[in-house]
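Shown below is the structure under consideration.
By letter and in written order, the chains are A, B, C and D; residue numbering begins at 1 in each of them.
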Amino acid sequence: MKKIINEPQHVVSEMVDGLVRSYPQYLEKIPDTEAMVRSDKDSMTGKVGIVSGGGSGHEPSHAGFVGKGMLSAAVAGQVFTSPTPDQIYAAIKAADHGKGVFLVIKNYSGDVMNFDMAKDLAELDDIKVKSIIVDDDIAVENSLYTQGRRGVAGTVLMHKLVGAAADQGATLEEIEQLAQSALANIKTIAVALSAATVPEVGKPGFTLADDEIEYGVGIHSEPGYRREKIKTSKKLVTELLEKIEKNQPLKSDHQYAVLVNGMGATPLMEQYIFSHDLLDQLEDRQIKPVFMKVGNYMTSIEMAGVSLTIFDLVDNKWLEYLNYPVETIAW
Amino acid sequence: MLTAENTKKWMDSFYRKIEENKDYLSELDTPIGDGDHGNNMMRGMDGVKNSLAQLQDPDLKTVLKAIAMGLISKVGGASGPLYGTAFLEMAKKCSETQKVNELLSVALAGIKKRGGATEGDKTMVDVWSPVAQSNAITPKIIDDAIASTKDMQARKGRASYLGERSIGHLDPGAVSSGYLFTALLETEGTL
Amino acid sequence: MKKIINEPQHVVSEMVDGLVRSYPQYLEKIPDTEAMVRSDKDSMTGKVGIVSGGGSGHEPSHAGFVGKGMLSAAVAGQVFTSPTPDQIYAAIKAADHGKGVFLVIKNYSGDVMNFDMAKDLAELDDIKVKSIIVDDDIAVENSLYTQGRRGVAGTVLMHKLVGAAADQGATLEEIEQLAQSALANIKTIAVALSAATVPEVGKPGFTLADDEIEYGVGIHSEPGYRREKIKTSKKLVTELLEKIEKNQPLKSDHQYAVLVNGMGATPLMEQYIFSHDLLDQLEDRQIKPVFMKVGNYMTSIEMAGVSLTIFDLVDNKWLEYLNYPVETIAW
Amino acid sequence: MLTAENTKKWMDSFYRKIEENKDYLSELDTPIGDGDHGNNMMRGMDGVKNSLAQLQDPDLKTVLKAIAMGLISKVGGASGPLYGTAFLEMAKKCSETQKVNELLSVALAGIKKRGGATEGDKTMVDVWSPVAQSNAITPKIIDDAIASTKDMQARKGRASYLGERSIGHLDPGAVSSGYLFTALLETEGTL
C-alpha cells in the first residue's frame, strides 16, 4: 500500500480537517464529529435541510456537494463504513431550520440502519425527518429476498435534484415525492479495472489480472457480475448500455441526463474517450442527452474504472433542477 | 441473572475475544463482505470499554445503555446498530427482569426489527435466535448455530450481493455473536 | 497497460470529441483541429483572447479551463507532445476579437518552439500576439545554460489570472505585465508515487519500487531530484515546503494562494490529508492561505502523486482575479 | 545539387530509415527524454509522404516547403519545428543556390535560431553543424558527429533537466539527423 497518509486509523479525521480548512467558504465542521455543514447559514433559512453521507473513500462525495443549492450537511463515516447515528443526528440538527430534514441514504444495510437510528433520535427532538434510500446500481438483480440494489453514483444526481428543490422552497413532503419518482428513473452500472485499498486493511479489496476487468463492481469493492479480458472502450460501452437497457428501455422520444463517473484512479482522458463512444452508441438509438457530466463524483478511493448513470427525465422539472446553479466544491 | 457487575465482566471477556480474533473476523468478512467486521467490532468494543470506564457505581440499566451507546457511536457498519439495538432493548427491559434468556429474547426481537432479517438469512440472527430460545446455553448450541450459517445463502447484508456464491462461508457476524455468548457462558454468575 | 481506450493512436482525437460533445455549452471544436474554443462567443467580444495548450494527458488542463472569465481557446497536442503551430494558429484566430491574443506556454522546448512558430504565422495575419512562458517548477535548478525550469501546475493559476484580467477588459500589454509579475511569485514542486503510461508507448515512463517515491518529478515523467522510501504525509509536506522555501521565503506578513494538485491517480482523500498537514506546517510559520484549491487540475495521465504550488500574492489585485467568477468545466 | 526529383528520393530513403528505427529512436529518448522521438519522427515523415504525394510536377522550392509543412504540422515535439525550420530555410534559399552544403548552412542557422542551441549542447545541432560545414559529407563525419553527443552534458531540450546524468547517452535528435544525412549520401545525384 503506497498512499499519502499518516496513521491509517486517522485518515478520516485528518481528511475532514483538511477539507474544512481548505474550503472554509463552503464547509464548517460540526464540533466533535466528522460531519460538515454549509458555512453559508443564511442560504438555509426557512428551507428543508438536505443531509447525506456514508462511508469515506468516495470523495468528493459527500462533502464536496455541500453548499447553496445542494446539500446542507454531510457526514463522513470510517472508510467504506456507515457513519454512526450520533454523527448523523448532529448533522440533522445542524441542517434543520424548522422545515424538517431530508436524508439521502445509499442502500447498504449499515447505512440504512445507522441513518434509521439517527432519524429516531431526531424525531424524539421533534425534528421532522424523511428520507430516500437510493438503489440505482443495476448490477445486482433486485429481489425481495436480498438487501436489494446498492446505492452508487446516481446518488449524486439525487443530491442535485433534492438540493435544488429545497433551495426553491419545496416542502419536506414534496421533496420526498420528488426523490421517489426520480429514483425509479436513475440506473447505474460500473466496470472496474482495479480495486481500492482501504488504508486500515492495507491490501486491495480484490485482485484482477493485468488484462482483466470486472463488470458490475460496487463502490466498496463488492463483487460484480462478470470478469473477462479487457475490451476496447467501445465494447465496454456496449456491455454497460445493454445492461442498462435491460432494466430501463432507452427511447428516442425521451430526454436523458448522463453521468460518466470516474472511480478514482481512471484519468479524465479515458473518461472522455468512454463518453465519446457512449454518445455514439446513444446516437445509434437516436438519443442525444440533454444533460451530461463526466468526472470523478462518487469514487472508490483509488479504484480504476468508470460507472455510467442514465437518468430518464420523465418530468421536465428535473432538467431544471439539474441545471439549477449551486455553490459547492465539486458539482 | 445479569447484574451491573457480571455484565461488566462479560464485556471484559468479550473485549479480549474480539481483540484476539480481530483479524480472523475481518478475514471471514473478506470473501462475502467488505473485510472490516473485525475492525468494526474492535472499534465498537473500544467504545464500550471507554463508556464503561467513565461510570461510577452504575446500575444494570446504565451499564447496558453504555454498552449500547459505545457500540452505536463507534462501529458504523451494519453490526453497530444491530449489537447496539440488542443492548438498548435489554436496557429497556432490565428493570422488569434480569433473567438472561428473557433479556436475550427482547434483544433478538430488536435485532430482527432493526435489520429485517429472519432465521436462515445467514446473519447474526442465526446465532442469537437459538441461543435466546434455549433454556440453558451450551458451547454446542453456540457452535452449531455458527456452523449452520456456512451452508446458507445470504439474504441480508453485504453478503446477499453474492447470491449463491455466499454459500460455503461462515457469516462473520454469527462468529462474533458466538464470541459474545461464549464470553457470557464463561462469566461467573450470569447464568 | 490497462486503459479504457480504443486504438492508442486515436486517444487524442476521441478524447477531444468526447469532451466537446459532453460539454457543448462550454466548448466548440475548431474544425480540422484538436483545438477548442469557447462556445459563448459573446463573452469574448472586445476582449483580449487567451489561448493555452500543450500535450494531452494533463486533463482537465487545458480545455477544462476554457469558458467565460478564463481561457478563450485551448489546443490539445498528442499525449505529452506539444501541439503543432497550425493548430495553435487556428486557436489564435478563433480567440482573436481585435484586441490581440495572449498565449500561456509551458516551458518545454517543444511547446516554446511550436507556439513561437504559431505566433509568427499570426503576426503575418496582423494579429497582435504576446505570451508568457510559465516555468514554475522549482525541481530543476535554474540556469542560463539549460532549458530552464519546467511549466507545471502553477500554469492553472496563471490561466485564472490572465483570464480574469482579460474579462475585465485589460489590454494585451497589461495582461503581459500581469503575467510576468505574477510568474515570479508562483512556485511548484511535486512528489510522485508512480509514473504515467503514454498509450502509444504502452509502458510507464519510469518505475518506482513498491515503497519508493520520487521528489521533483515533472508532468511528463521527467526525472526528479531524489528517490527514497515512502514517508508519511507530514514528512512529504516538510520536504516540499522546505524546497519551496529555499526558492521563495515564506513570510507571515504576506498573503498566499495555495494549489494542492493531484497528478491523476491519487484520490482526493490523500490530497485532503496532505492539505491538512500543509496547513499545519504553514500555521507553524504563522501563515494562513487566503485562497486554496485541492484537486486534479494539471494531471499526468494516471501518475500517482501531488504537486504543491505556492503563490505569493504580492499584488492585492491577484486575489481578486483568483476569486473572479468563471464558467468552465473544471475550475 | 538538390533537385525536386532527388529530394523526393532522399525523403523516401529517410522515411524508410525512420520506419526501421522508430523503436530505437524512442528508446534512445527514454533515459534522457520522454521516449517519443521515434514516434514523433514517424508521424512527421508520414506527414511529409502525404504532402509530397499530393504534388504534381513540383519544383524544388515546392518540394522543400511541403517537407517543412509536413514536419511542422505533424510532429509537435521539439524535433518538429526544428526539422521544419531547417527545410523552410532551404526552401527560401533554393532559388538562389541548389548546392547541398550552402542549403544545409542556412538550414543549420535556422535550427540554431529556432532552438537557441549551439555546438556542444547535445542536440541535433552537433550533427547538422559538422555535416553542413564539411565540403564532402562522409559516413565517418556523420558517425563521429553522432558519437560525439554521447559524452556531452545536455544544455537544451528535455535532456537538460537531467544535468550530469545526461552524460553517457547518445542524443536521439542527433541520431535521427544522422539518418537524414546518411539518406542524403545514399541518394544518387544529390552530392
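As a working rule, a contact is a pair of C-beta atoms (placed from the backbone, for glycine too) under 8 Å apart; a residue touches a chain by one contact, two chains touch by 3 or more.
Please read these numbers as outputs of a predicted model, since none were measured by experiment.
The chains touching subunit C as well as subunit D do not exist; no chain touches both. Averaged C-alpha coordinates give centres for subunit A and subunit D that are 54 Å from one another.
With centres taken as mean Cα positions, subunit D sits 76 Å from subunit B.
Note: centroid distance subunit A to subunit C, computed from Cα atoms, is 29 Å. Taken as a graph of touching chains, this assembly forms an open line, each chain in contact only with its neighbours along the path. Every pair of chains that touch is listed here: A-B, A-C, C-D. Looking at the complex, you find that subunit A touches subunit B at residues 55, 77-78, 80-87, 108-110, 113-114, 116-117, 140-141, 145-147, 150, 198, 200-201, 205, 218, 220-223.
Contact residues of subunit B toward subunit A in the complex are 26, 34-36, 39-40, 43, 72-82, 84-85, 114-115, 154-158, 160-163, 165. Touching subunit C in their complex are the following residues of subunit A: 2-6, 11, 14-19, 21-23, 56-57, 59-60, 64, 79, 193-194, 210-211, 213, 230, 232-234, 236, 260, 264-277, 279, 292-296, 299, 301-302, 304, 306.
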